[in-house]
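Before any comments, here is the structure.
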Amino acid sequence: MNTTVNIPGLSLKNPVMPASGCFGFGKEYSQFYDLSKLGAIIVKAATGETRYGNTTPRVAETSSGMLNAIGLQNPGVERIVAEELPFLRTYETSVIANVAGSTVEEYVKVANGLNHSVDISALELNISCPNVKEGGVQFGTDPELAKEVTYKVKEVSRYPVYVKLSPNVSDITTMAKAVVDGGADGLSMINTLTGMQMNLKQRKPIIANQTGGLSGPAIKPIAIRMIYQVRQMMDVPIIGMGGIVTSEDVLEFLLAGANAVAVGTANFQNPFACPEIIEQLPKTLHQYGFSSVEDAIGKGHVT
Amino acid sequence: MINKQLLPIEHIREIAEETFEVVLHSEISAELKPGQFVHIALHGHMLRRPVSVADVDANAKTFTIIFKIFGEGTRALSQYQQGDNLDVLLPCGSYYPVESLSLDHALLVGGGIGVPPLYYLGKTLQEKGVHVTSVLGFQSKSQVFYEKQFQQLGDTYIATNDGSYGTQGFVTDIIQQLDEPIDYYFTCGPTPMLKAVTNQLQDENGYISLEERMGCGVGTCYACVVPLRQNPKESKKICKDGPVFSANEVMLQ
Amino acid sequence: MNTTVNIPGLSLKNPVMPASGCFGFGKEYSQFYDLSKLGAIIVKAATGETRYGNTTPRVAETSSGMLNAIGLQNPGVERIVAEELPFLRTYETSVIANVAGSTVEEYVKVANGLNHSVDISALELNISCPNVKEGGVQFGTDPELAKEVTYKVKEVSRYPVYVKLSPNVSDITTMAKAVVDGGADGLSMINTLTGMQMNLKQRKPIIANQTGGLSGPAIKPIAIRMIYQVRQMMDVPIIGMGGIVTSEDVLEFLLAGANAVAVGTANFQNPFACPEIIEQLPKTLHQYGFSSVEDAIGKGHVT
Amino acid sequence: MINKQLLPIEHIREIAEETFEVVLHSEISAELKPGQFVHIALHGHMLRRPVSVADVDANAKTFTIIFKIFGEGTRALSQYQQGDNLDVLLPCGSYYPVESLSLDHALLVGGGIGVPPLYYLGKTLQEKGVHVTSVLGFQSKSQVFYEKQFQQLGDTYIATNDGSYGTQGFVTDIIQQLDEPIDYYFTCGPTPMLKAVTNQLQDENGYISLEERMGCGVGTCYACVVPLRQNPKESKKICKDGPVFSANEVMLQ
């Protein structure tokens, strides 16, 4: 079974990669399995400077999902390039860097910083992280801003840029169109939906930041819908994510129009989520009558 | 190295009000160190539950956990039965550096569900010939567990909030009246208790064990951080760098 | 325990009511229990004329949720007033009529039609049903249109009007503000999120309409967040809904700022969902230290 | 009146490939009529699963369901064990109007998971003295079930798609070769089969039983509608007005 996928900057042996923020920079999960099994790895967000992130509690459990408000804690792009990314060199897999910021300038700074790394193959532009007070979310819901930040990052980056869309919008196709107009090489969708959970005993939101991003199987139908809608409108490469747990879920994303997929929350439940999905995928594709991954992409569209 | 194992329950019983003792069989039980935790998956729940190692039987290749029903997950766990399998990540986190410490007299201070890890610690200390004193706090009589077991390790004092058993009040009320000098204290329990104890014993060397809501439990997600006391802009991960910290290392919030 | 709630047009003995579309016009569930136990009943949507609705399959199951695309099937406002609503007269509970349409004129027509009924106490203006091709969803995502339809319905209706908001928007507070400006007496939130599920065997969306509305516990964190945000901004009466299954869920909605709540999908899983929640609620309130329902409303807000 | 009951499983066994027979105990088993279904809740699933009544033992106060593993829900159901309880709504939907029909010879035509309700129907007809002929279609030999039971009711013909058992082909191939006149036919199975059968037997009186994805299962949500043949702008609910319809009442899509 041919499971390879080729999208800008990425020649993937299989379409499955851990999602940003759910795999750190790979070290911890490398004790469970050989990271070379992975199609690619999307590492934790990088910002211009070190960020401490939000106060705790930062996570909560919901029905078939979880909320998180980590707040982009990371050591900053410079240290990430110098201290974190080289570790992944030894693995035969592609690395995608996740770029975050509060201002267009910060995004550009991070993209510039990442130009110094030889360990990555593409950028994922996180314009949708809902957990940063200053600005973070506007980029993800305002098409003009989204287009601008995409354009500015494309201008400086030597890597293909996948823009990660926020699902917290009325019309995902407008956002998709805007960032493609801005020069995005591909899309990554979806990020988390903004949610909240109450602590009944303490009479306040569980998450210290009050709101958090909802991820996990709960949001899969929203991810599938949005990918379907965007794929219906245009032929841009899409890395799909949101609630993937099994190889059947991966096939569902492929049918909806994703070219590759990322697995986030499922890693927490099962550290072997990615390699297990990768192992199952050929069987699943075969079972449903597909001869390769490419063969399944977009095949769920009613014409 | 952390493993993911499917472990059969050898034994499960209620040892106090809504408090359960579970014995699990694992080939690597002997690797578990006092202070470490295991991370348990539960059907129908997205996130694993961290629970401390309360005891290890290296010969039988078993270890014990003790948990109290707190919410839905621990309620579900309480309904598991002998023979059922639990999906567990182990061993997780840091441990009390028993091997590298030289001490004669240790004070264990535990509150509620902070008591279990201290039992395994106490046993390990006792085996090393350390003199152990235990001060355990519970809400009320019905919640008290493992008193006898701790008594085997040395002097054991119990405090209950409502005075229904032992001393009425907090562990700090008992500690105040202890007069023997100690070399190290080890404490685990709710944060207000940890604050009170570390304050009260600020002139002593000590180790604390922290709790926080966790995502991954293995150090990737930054859910469980705690700021450093020296530099609150820097942090440690409770699941990986902790749960055990030296008493002055981190800021209690 | 005092569980009464008073909001415009509704003096409720308890804050729990079945949600629109999940309880028909009450007949079927009346065989399970005495409907007088209910705080109120929100009946199925009424449109100007008979609607047949979408082709089947109309529902799908998701992780902790479901998708539906019923398509507003209903016998039309006239027959609803004449044939359906009188049945509920014998029960000591308030009835809220759900008003839907494809044009402002149709909404007004339905509201006019409902003026002829003596069996209802309030209207719920469904500007958010995502399953009707022509127009349905625009009203729910365009603040100007939402304000206009609210205003026009308020102009003709002799009943208080609760406007039911769609969660498929970037900023729920803008929508809330618009409809309150339009004269809404209260809000009802949230309706379903637009989602999709693939049929892997048939290589097409399970729901014949392709997309459907996601409901159930999966969406509760989004409902709680939106209610919290709106309550934070203004003091309008809110009927909260989205994933309620237990009395603890009800308390969570109250803390977030809902004055009353509706239970939808849970009725399908357990026909006794509403009366069981109503029975448990006083115990739950007591357990968490509240002396009445009113006492809990909005108490989860961090000041 | 529909009831919600917690029913103990008296018995569960695999009777063909991924096909399970479950006997449930209910005080109201005797009220269940041929063609009706029960609506089963499953842990961790939002929606109930409709499954037909395959048999009733009024004395023992039990009834039987037979289901095939189709997706996650039926897979979960197959893992239930004797003594476990199932949360069931019953009785649901309409039934074959056996009481009000006068007939001498009935033809039962079932395909796959459409076979179970026909068994209970056949038994009821037999008790009324009706002569019963059964034509049952399965995918292949490993899927065949209840052949012996149907043989007790009268002539029974089996078709398999792959020819691994009985006649190779479809139920319609067998029906074509039957030469005895019938008074009524009763058919249940996948929609393509229903279409073929109702077409083939359009000159006969008959009843069909339909399937559709359901929400409530009790008639409130309009998930399960089927358009009327006379007026496709009007519809019936399969969960309440059906699943049994007279053959010409509704449009097969």
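Per-chain numbering from 1; labels A, B, C and D assigned in written order.
Following the convention adopted for this analysis, contacts are C-beta pairs under 8 Å (C-beta built on N, C-alpha and C of every residue); 3 or more make two chains touch, one makes a residue touch a chain.
The chain list, named the UniProt way, goes like this: A, C = Dihydroorotate dehydrogenase; B, D = Dihydroorotate dehydrogenase B (NAD(+)), electron transfer subunit.
Since the model is a prediction, treat every value here as computed from it, not as a measurement.
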Chain D and chain B - chains in contact with each: none
Two chains sharing the most contacts, counting C-beta pairs only: A-C
Between chain C and chain D, centroid-to-centroid distance (C-alpha), Å: 36
Centre distance in Å when chain A and chain C are each reduced to the mean of their C-alpha atoms: 33
Chain A and chain D, separation of their C-alpha mean positions in angstrom: 46
Residues of chain D engaged with two or more neighbouring chains: none
Multi-partner residues of chain C (each touching 2 or more other chains): 62, 64-65, 216-217
Contact graph of the chains (line, ring, star, complete, other): ring
All pairs of touching chains, each written as two labels joined by a dash: A-B, A-C, B-D, C-D
Chain D to chain C touching residues, read off their complex: 1-2, 4, 41, 45-48, 73, 89, 212-227, 233-235, 240, 253
Chain D residues within the chain B interface of the complex: 43-44
In the complex with chain B, residue positions of chain A that touch it: 21-24, 27-29, 31-32, 44, 50, 52-53, 55-62, 64-66, 68, 70, 73, 206, 216-217, 265, 267-272
Complex contacts: residues of chain A adjacent to chain C: 62-65, 67, 141, 168-171, 193-198, 200-201, 203-205, 210-212, 214, 216-222, 224-225, 228, 243, 248, 251-252, 255-256, 288, 299-302
